[in-house]
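This is the structure I have questions about; it appears just below.
The chains carry the letters A, B, C, D, E and F, assigned in the order they are written, with residues numbered from 1 in each.
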Amino acid sequence: MEQHPAEASPVCAEIDLWAQGETAGHLRVPHSRNDSGWGTIAIPIVVIANGEGPTLLLTAGNHGDEYEGQVALLRLARELDPAALSGRVILLPAMHDPAALAGTRKSPIDGRDFNRCFPGNPHGSVAEVLAHYIDTHLLPLCDAQMDLHSGGTGIDILPSACGHILDDEAYMERSLAMADAFGAPITLLLKEVNAGPTLLSAAERRGVVALSSELGGAGRLNPHGLAVTERGVRNVLKHYGMLDGVPEGERSRRMVVPDLAHYVFAPHDGIWETADRLGAEVRKGERAGFLHRIEEPLAPPTALAYGAGGLLWCTRGPGRARAGDPVAVVARDL
Amino acid sequence: MEQHPAEASPVCAEIDLWAQGETAGHLRVPHSRNDSGWGTIAIPIVVIANGEGPTLLLTAGNHGDEYEGQVALLRLARELDPAALSGRVILLPAMHDPAALAGTRKSPIDGRDFNRCFPGNPHGSVAEVLAHYIDTHLLPLCDAQMDLHSGGTGIDILPSACGHILDDEAYMERSLAMADAFGAPITLLLKEVNAGPTLLSAAERRGVVALSSELGGAGRLNPHGLAVTERGVRNVLKHYGMLDGVPEGERSRRMVVPDLAHYVFAPHDGIWETADRLGAEVRKGERAGFLHRIEEPLAPPTALAYGAGGLLWCTRGPGRARAGDPVAVVARDL
Amino acid sequence: MEQHPAEASPVCAEIDLWAQGETAGHLRVPHSRNDSGWGTIAIPIVVIANGEGPTLLLTAGNHGDEYEGQVALLRLARELDPAALSGRVILLPAMHDPAALAGTRKSPIDGRDFNRCFPGNPHGSVAEVLAHYIDTHLLPLCDAQMDLHSGGTGIDILPSACGHILDDEAYMERSLAMADAFGAPITLLLKEVNAGPTLLSAAERRGVVALSSELGGAGRLNPHGLAVTERGVRNVLKHYGMLDGVPEGERSRRMVVPDLAHYVFAPHDGIWETADRLGAEVRKGERAGFLHRIEEPLAPPTALAYGAGGLLWCTRGPGRARAGDPVAVVARDL
Amino acid sequence: MEQHPAEASPVCAEIDLWAQGETAGHLRVPHSRNDSGWGTIAIPIVVIANGEGPTLLLTAGNHGDEYEGQVALLRLARELDPAALSGRVILLPAMHDPAALAGTRKSPIDGRDFNRCFPGNPHGSVAEVLAHYIDTHLLPLCDAQMDLHSGGTGIDILPSACGHILDDEAYMERSLAMADAFGAPITLLLKEVNAGPTLLSAAERRGVVALSSELGGAGRLNPHGLAVTERGVRNVLKHYGMLDGVPEGERSRRMVVPDLAHYVFAPHDGIWETADRLGAEVRKGERAGFLHRIEEPLAPPTALAYGAGGLLWCTRGPGRARAGDPVAVVARDL
Amino acid sequence: MEQHPAEASPVCAEIDLWAQGETAGHLRVPHSRNDSGWGTIAIPIVVIANGEGPTLLLTAGNHGDEYEGQVALLRLARELDPAALSGRVILLPAMHDPAALAGTRKSPIDGRDFNRCFPGNPHGSVAEVLAHYIDTHLLPLCDAQMDLHSGGTGIDILPSACGHILDDEAYMERSLAMADAFGAPITLLLKEVNAGPTLLSAAERRGVVALSSELGGAGRLNPHGLAVTERGVRNVLKHYGMLDGVPEGERSRRMVVPDLAHYVFAPHDGIWETADRLGAEVRKGERAGFLHRIEEPLAPPTALAYGAGGLLWCTRGPGRARAGDPVAVVARDL
Amino acid sequence: MEQHPAEASPVCAEIDLWAQGETAGHLRVPHSRNDSGWGTIAIPIVVIANGEGPTLLLTAGNHGDEYEGQVALLRLARELDPAALSGRVILLPAMHDPAALAGTRKSPIDGRDFNRCFPGNPHGSVAEVLAHYIDTHLLPLCDAQMDLHSGGTGIDILPSACGHILDDEAYMERSLAMADAFGAPITLLLKEVNAGPTLLSAAERRGVVALSSELGGAGRLNPHGLAVTERGVRNVLKHYGMLDGVPEGERSRRMVVPDLAHYVFAPHDGIWETADRLGAEVRKGERAGFLHRIEEPLAPPTALAYGAGGLLWCTRGPGRARAGDPVAVVARDL
């Protein structure tokens, strides 16, 4: 496969993306600070390549408080035997490194949600410059891409692969095949609100077969989600013939979140007491939970109901919710 | 019982602490803001009183991101029938209201950890003024006091009542009897580091029979912890003869965390992958987990071991830990 | 009237913009927070519609510390009888809700001045996303639009309708007719500095007859300005035949602020002691006031003079001014 | 008069407090900054002294957003003829200089409300160090002291001298005589909440005849309040025989704010629409105004009523109030 | 020379750019603040013009913590005799005034590095609006332009003129001739990383002969760098025949920093102990210094080596470096 | 030597302060964070002990941006052979670890200048708790103590040992003997402004022979200062007979800064252009330099003069000074 000519970027890769074997290093992104005009941010990158085969980009730490993917890719980087591979895996285990170091969704440097930065800008903030580099220098090298997310601090989600519902059926089939191989309990297909600026959309614009995912959440490292992720990334390698063997695990349940009626939003700030655990089957009109206000101690809590029935796929993580926060999201079978 | 003469405080109680029946209102704490020189903070307070009997102070929201107690006391305030009561219950369901509204351990107003503010200061910051009022105006009214905590955002803890190991055995017995009545799965006795500035220590200095507690954590509202708490506060009322009936539930297991060897601290920043779930029995020298650094992607994670064996009583909540954070605390039977 | 096809926006209207009668709800704008990845901001919106007639968009809270319009539109929403209406009124009483809740000109979320955000950006910050939605989804529905401002915290202004001086005379006449109907004491016509990114300019680009306004200021709710506003919005409805009756009140005085010579700027930080009250007739070269520096207590204050004569239309609100702040703006008759 | 021995303070007076004639300079307060370990804050001070007579301390800028006193004392410093004086006037026209430069009530340096810092601390923050110096080095030199305040950004107040109700009647008489001389329309006597840490209380502890005042507010420089202040400070000099002549102006109306029932507090955040103008006579139970919430556009505003009748002495300045803010304070005749 | 038609800008020049003699004033840039909606920033500008001749733009304070150019241009503005001049000099001695007043590289207003803002945006933040004005209103007037930098707080650099390596040889020759005239000890030619958004690149896009420079650093005012700068700006005037005489000083050494191998980056945070002083000749592979970590007191420091030999042209200024900071940059002769 | 009984402290030493040989570890200071309620700060500590002899405490990183001492003590910790020692050295190479990690004078955690925190407070902020531990647990173990400072970011100082002028002559002689041994070019004796809260004063209150020092500054690691420091700490060990040999180096010049006339303070913000280099001999009344204001480009700079003659011992580091900053300090021979 040839290198695509790429737009100029201020980012420098300190490793050779075409080297055989395992190469680890950093992408160096300029970051002008008051106390370091020529400062840089070093984004960890690992390339494992051997012989012929597809190029797969695996990313984690798009949001800094989503941990299953970060640990899974760090482990894969240490444990994958280059000799066993056919093709090339590019790993960004802590892609949005400033957020990952902070353990926060958004970067403390520029306040940006990295998954709202694509296709990026070579003269923008650190997050925009990095997004532009990934879009112009890495995605063109790839046949497939998977971005490992979880719900982050704010929400807890059943481990799922996530893909977009697209008009190009053949292309969408390839994404679904990759999701089947990944083998999460659920595959969620979405018309993501504001999808344009995500890495998933950027990959699709480049014609790369691409998936996102939600592998846990609530700000913690979910052991079950981690196991799903570690198995899943190897399953994808097998699916593409890059590792020997066939994908392991059960059949993934294909679901959708069709519209806003499947979301329960907090109408005001309060403490959310959920009526159901994640994974429960719920009915439209049933009580989703109570939202407690502390200001007037004898006022009754606000009871909220589900606007649609299905599987309780996502719940608020922290006890306290702000006005406008989703406290429950219901998925239904496709 | 007579009112104790109290030190002057700038806090005004807008309710009558001696009224019979149920009274709800606020404590008004002055808070000088740039845009409101005579601003105030209104701390919700509920008093339920009927006839003769002891005075019990129940508090929650000492730390704003600890939710079981807040919800349990709001529910108790709404559901407790004054006619069924003998004595007086004073409820502060969101005691450190600025932190509780923010859903953060410490107050966004003055950055203070309220449980490090006792005995307070009538001319200090909002937290100090409020601590001083509670110490000088509420604790002197009380026979017993229980402060409902959880681990907050940073740590997850097995539901436990917590008391101090004290030299005065008769007094300590009364605390233990109250803990037995509360009926959490565990009663943890501690020589808390830095105990002096806590509400528990303040209550002890006033001769009030007092307990703290840890009823969940990791920033969420723990349904099991909430059930323990709701049952526990009614158990305490029964224990004091303020409600009819006998305390319900199983026998509480008395434990201690004897020294720093029972803590595992993160030696550097990283993502903590625990080897064991909360509640596991662990052995000294076994691997407690891996601390993953993202900076150098091929560097092996740091393996940490338990310094003492026992019950894994407390674990780090969020996936990312900072240098110096406890990632595991082990308790052993008394 | 048909719906115009609109650009994709991540904003969801939770109400039906075409419903008859009175409908109240929210526009839901995605807002990714560190503790709520899928958080949203709910912008209050009210639609009152009945039968045939024009569509009028009334907005307030473009700047969060400008109150006359917010109160007037909340009152109009509660008091306007749908049965008395012919046409459709769309009300955004707290359009830039994050700023309005904070009581600050700019949003605490993204630091943006909402009236510098048009035509917006569907992938930008909260303010930009909302501006884009209003520009692409609401303005195309409208025949006329009026944005209710005041001077905000920083400046105090005589109640005025404000319009742009435009090349299209027929179009400008329609704006002036609407201003005459509104009936503020003054109608100020301006070539606003940096007008391009305002809602007024956005409306003009869409061919909507549009006005801005300045109905008080200095951070307070001006009772006279509120009365002018409440009467004015009903006058506009009458002007368009949407309510019965004719506009009430006196003739509006048409004025201009021709150039920078009509501004007095503070050359350095200091306390501004104005020589004249708002509404005074002033002469070129007369003393506008003293700017007092506190650093050197015996240094004389800096005397500033008017660069042009006319009506003292706007003065600094707070006592302290920063270098570069306008402390006086003079208008003259057209 | 001899210098009193004073406690050690890190503050250095760069002027001779005993010089005859007019001397202007600064008090130098150490302020360790990250970029200036030995930095200092220079507090402007003016001493005007001539022959025999009392020492009077006049202070303004205790809160940085209260302007009448700052301008009046700067003018007095420039215009008072030392030859016309008998005694010594010490002027601190911008006493809490960091707050005065910022135009904010509290200091941006340490976040302190200076009028909550007395008696101060020689090893504390900048505000505490300065308060300690004033308490230990300036107050002991004085026979009388007056601190010129206004309501600041948050509240607007009828021009008033303010004194404490004290047990020592002879001493209180001297304060009232000084207030009568000052000649504000109102003299308000208060048991100030949290009075202990104010400059007024510090002066009283030192046996200095002392007054505070409220000369306007709402963050602006009130022309009427300024005129009252400029006349008032000269009246006080005449009262003490330090200037020739007799105090001018009308009789001051003595009033009190007896208890919390005379305050109307906002029960939640909202826009405050007052029913009455400052200075109105109001009745208990009448509507004080409406508090408008923007979150639910059709919800009616919260109507608040006066808890006591009298003179509407103080109102909220900015349009938006926070929960707990006083929106109205009623005074009644003594 | 005629004025080029320029794009609309919200910036107003309060001086006549075509006046003869010396004119000093400000560029007024709108800056909406919460407490001043119509606030402005005043950028100091001086124009000195006499008769026929080229137009030269000299700028300093692009980064606020770079002082040699600011002092040199302030002195030039005061001391240059208009009668001795042929042509026009436009001076912006504190071009990015908000950063220059703060003494920080980036602006405290919008956090922008001004030299990453070109070609700017008339509706953007203060820095973007100003960059757009300079690009559209000042650069088109100029024949030549020189931007006076230093390393700022973070790095210390040998006094150098800096130019870009360009494809247009004739044009590049003119830049080099100007650099030779300026007469810094070194002329550094660079393919600057991320050059597009700099003022130098903007000038080149406009066809203006242009240079940047590095005249010291480490956050201080370097006396040697100041002398080089003061002589250099007069040399450039002589070079263009705008002042009589010939450029003074020694021959400038032409150097390059060819690639990232000439940079030494800190791999982690620590205290940097350099092995060599600025200006040393260093060899590839030699130790550049030690990076000391304080966390583990007995751990050896990290030794870093030069990746290429040459002249030690730039070193880290502050003792502490962050991961990714350049601690040494080596230049080699062209 | 026996351990003194010490006040209770929440700080835990994780090393045995009485162990023989070399022991390295940490002091663990509780630090309650919003995301880690039981978080801790680990302060690095090294103890090297062998046989009989005095106990010497050497500290650096009291201010985080002062580097000579930090590097010297880290090197001493690695290189000192325990077998060569007689007695005990306790090293805190980064004593105020939060500030040292940040490279800032004050801690980003609590904003405290650690050298203004003694004698500390066991229930205060992190800095106060640590100061209390050092005062109560470490100083009582010591015979002598030396705290290694420099001027930090804000000022540059000639390498000097610093001691207090004390009434107890015998005690002061022992300090001077230690300073002579240390062998810095200068020994400065001072009545430090605000000395009470420094570590030096704390040591004196404990009867420990104690010195402070200033070994460079301007935020950098000064190679000459580092050499003086590395030699000096070994000289002190030799002086106490803890290492063999006699102190090396030249005689130290004893100087004083008698009063404020020896300081030159910036009267306003500006860029400081010094007339003299550090170490120059200067005369009273001579020009110390120019303070340039950028606001009015043609205004002449402010010329400042020395108020006393002597050695220019200290100068402002950064180019920009704030009002009240010392820009020059002159020392004269004792």
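The criterion applied here is as follows: a residue touches a chain if its C-beta (ideal position, glycine included) is under 8 Å from a C-beta of that chain, and two chains touch if they have at least 3 such contacts.
As the structure is a computational prediction, the values presented were derived from the model and not from experiment.
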**Item:** Minimum number of chain-to-chain contact steps, chain E to chain F
**Value:** 1
**Message:** Taking each chain's centre as the mean of its C-alpha atoms, which one ends up farthest from the centre of chain C?
**Reply:** F
**Prompt:** Out of E-F, A-B or B-F, which pair touches the same way B-D does, with over half the contact pairs the same?
**Reply:** B-F
**Message:** Averaging over Cα atoms per chain, report the distance between chain A and chain C in Å.
**Reply:** 41
**Asked** Hey, how far is the Cα centre of chain D from the one of chain E, in Å?
**Response** 49
**Complete:** Chain-centre distance (mean CA atoms) for chain C and chain F, in whole Å, is 57
**Message:** Residues touching two or more other chains, restricted to chain F: which are they?
**Reply:** 35, 42, 65, 103, 153, 295, 318, 323
**Asked** Which word fits the touch map of the chains here: line, ring, star, complete or other?
**Response** other
**Request:** Go ahead and list every pair of chains that touch.
**Result:** A-B, A-C, A-D, A-E, B-D, B-E, B-F, C-D, C-E, C-F, D-F, E-F
**Complete:** chain C partner, complex, touching residues on chain D are 22, 24, 42, 44-46, 61, 64-65, 67, 70-71, 74, 77-78, 91, 93-94, 97, 100-101, 103, 153, 218-221, 223, 226, 269, 271-274, 277, 292, 294-298, 300-301, 317-320
**Request:** Would you tell me which residues of chain E are touching chain B in their complex?
**Result:** 268, 295, 323
**Prompt:** In their complex, what parts of chain B are in touch with chain F?
**Reply:** 63, 65, 104-106, 113, 116, 151-155, 193-194, 196-197, 260, 265, 267, 318, 321-326, 329
**Prompt:** Which bits of chain B are touching chain D when the two form their complex?
**Reply:** 8, 10, 12, 14, 28, 30-42, 122-123
